[in-house]
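A quick write-up on the structure given underneath.
Read from first to last, the chains carry the letters A, B, C and D; within each, the first residue is number 1.
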Amino acid sequence: MTEITPELVEKAYVALVSLDREEAAKYWSEDVRFSVPGRHAQAGWHVGLDALLAFRRALTDAAGGKFEVELVTSMISGNECMDVVKVHAVRPGAPDGSTSPYDVLDADGIQVFRWENGRIVEGRAGFFGDGSTNYDQWWSPLDGNGERRYV
Amino acid sequence: MTEITPELVEKAYVALVSLDREEAAKYWSEDVRFSVPGRHAQAGWHVGLDALLAFRRALTDAAGGKFEVELVTSMISGNECMDVVKVHAVRPGAPDGSTSPYDVLDADGIQVFRWENGRIVEGRAGFFGDGSTNYDQWWSPLDGNGERRYV
Amino acid sequence: MTEITPELVEKAYVALVSLDREEAAKYWSEDVRFSVPGRHAQAGWHVGLDALLAFRRALTDAAGGKFEVELVTSMISGNECMDVVKVHAVRPGAPDGSTSPYDVLDADGIQVFRWENGRIVEGRAGFFGDGSTNYDQWWSPLDGNGERRYV
Amino acid sequence: MTEITPELVEKAYVALVSLDREEAAKYWSEDVRFSVPGRHAQAGWHVGLDALLAFRRALTDAAGGKFEVELVTSMISGNECMDVVKVHAVRPGAPDGSTSPYDVLDADGIQVFRWENGRIVEGRAGFFGDGSTNYDQWWSPLDGNGERRYV
């Protein structure tokens, strides 16, 4: 049985964020399920590596290529790992210095992953505080004035 | 100046719901702006008749062709009209008898329209109670179990 | 039958906002029902004049005595009246210039009232756009940092 | 330094749920901070053991004495511990068999705690999926029909 180490977890994240399918498939099961929090257009269970990669691509695009994740704390125990994270991202086209929750995502959350045979088979993310609302608004087509970003 | 009558208002609604652009253009300005409540993928200001028709088509599709609107009360005054309505719609594929707010929209709301030169130039819709949450959930890709309807 | 005029409607509002029970009872039925939008601690149907006055007092307190309502448009028709309004209110203790939706309510909405025998017997309020979320956050005990205003 | 063990964590939870201040003070710091997710009346950072106990009492009351927590998985690492949990609770007075999210809380979430000198000094809870909305609605005064539970 593969031991889950911080280095392995790190490699799995890097591979996913790279959007390189071949790399990602080394660490993520073809049948991986991942639950995105909230009720926006990308929320819910994404099933399969292709769906997970498509979600990650959408996330990267929505953040103008810059979805920042700061690791606050991590745990590994048996076949599971988890992180407390701070996320920060700004919608492209947002006014300079905007603090609108429709433009700027600033939230603390958590992600939990389960491994099997050296690959992640299931993951779930959630937010602390009222971060889920900020995430929904940030994902929405609305800007801070209620106008739609994409018509 | 065209007088706004209940018959004219009715014709405008029927033309829009028909999705017949030529018919709709008789009652809705080419530059019409319409505000859809909430923060789901179709929320916000839709600008122009084509955007409004695209929204209506999305709404009809999301409701499996059956977005029910019951008129509770109506007013016309000067160049404005408004309706209090009860809306009911079920996402196609919902389990029979589902009462999940992700499957079933059951909400009371209001719509207000402003007319100029015989055509509607601006409209806004809103919900009473916590209907805005129900509307967001109904529009979301989630079913009652948190699975995504479309992967 | 009492005719509903703009002057009568205005008097009813002023009487309610004054929180003078005797004055309010001239325009509001003892059995009045009023629906406050959202899902915060003051949301839902308030039943009876005392409950309505208690809600108004809570609203005034939450706004530090200054809940601003700008009338955008009004209609009267038969035994009903309605207004489109812009509301603005800031939680006492909010940092100067705060734009946090937990501190500042800035939303467009509507209120609809039904009269019987010269008094209002039912009313409902709702918001356009994503105003319902702003209203929930503004009513919540949270400040812009997620701290509780009242421990 | 006290080692954090599953038995110690269990004792801390039992002591808190018992609402026995003396017992709770053995495991929870006088200065403990705990973040309740959402934007309902009990949301946000509760600061100090008394505030935490008051929150727990409110939670127990809102659940009619029966707030069920099923432990799905747990981790302990260094001075931190975390649990993935399933929570279930029904508002007293809810109609038999109600599935309304205003009556029934059914959500998966997580809690993370940091220990210092043998006591918990900080904790945060969050939800997966759209559980944060369910939690807000369950805490709200609304029943499934939009009536207020307590007038």
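As a working rule, a residue touches a chain if its C-beta (ideal position, glycine included) is under 8 Å from a C-beta of that chain, and two chains touch if they have at least 3 such contacts.
Computed from a predicted structure; not experimentally measured.
Between the interfaces B-D and A-D, more contacting C-beta pairs are found at A-D.
Note: centroid distance chain C to chain D, computed from Cα atoms, is 32 Å. Chain B and chain D have centres, each the mean of its CA atoms, that are 39 Å apart.
The distance from the centre of chain A to the centre of chain D, with each centre set as the mean of the Cα atoms, comes to 25 Å.
The multi-chain contact residues of chain D, meaning those touching 2 or more other chains, are 35, 39, 43-44, 129-130, 133, 137, 140, 142, 146. Taken chain by chain, the contacts link every pair, so each chain touches all the others. Only residues 99-101, 129-130, 133, 137, 140, 142, 146 of chain C touch chain A when the two sit together in their complex.
Only residues 35, 39-48, 51, 102, 136-137, 140-142, 146-148, 151 of chain A touch chain B when the two sit together in their complex. On chain C, the positions that touch chain B within their shared complex are 35, 37-39, 43-44, 73-77, 80, 82, 84, 108-110, 112, 124-133.
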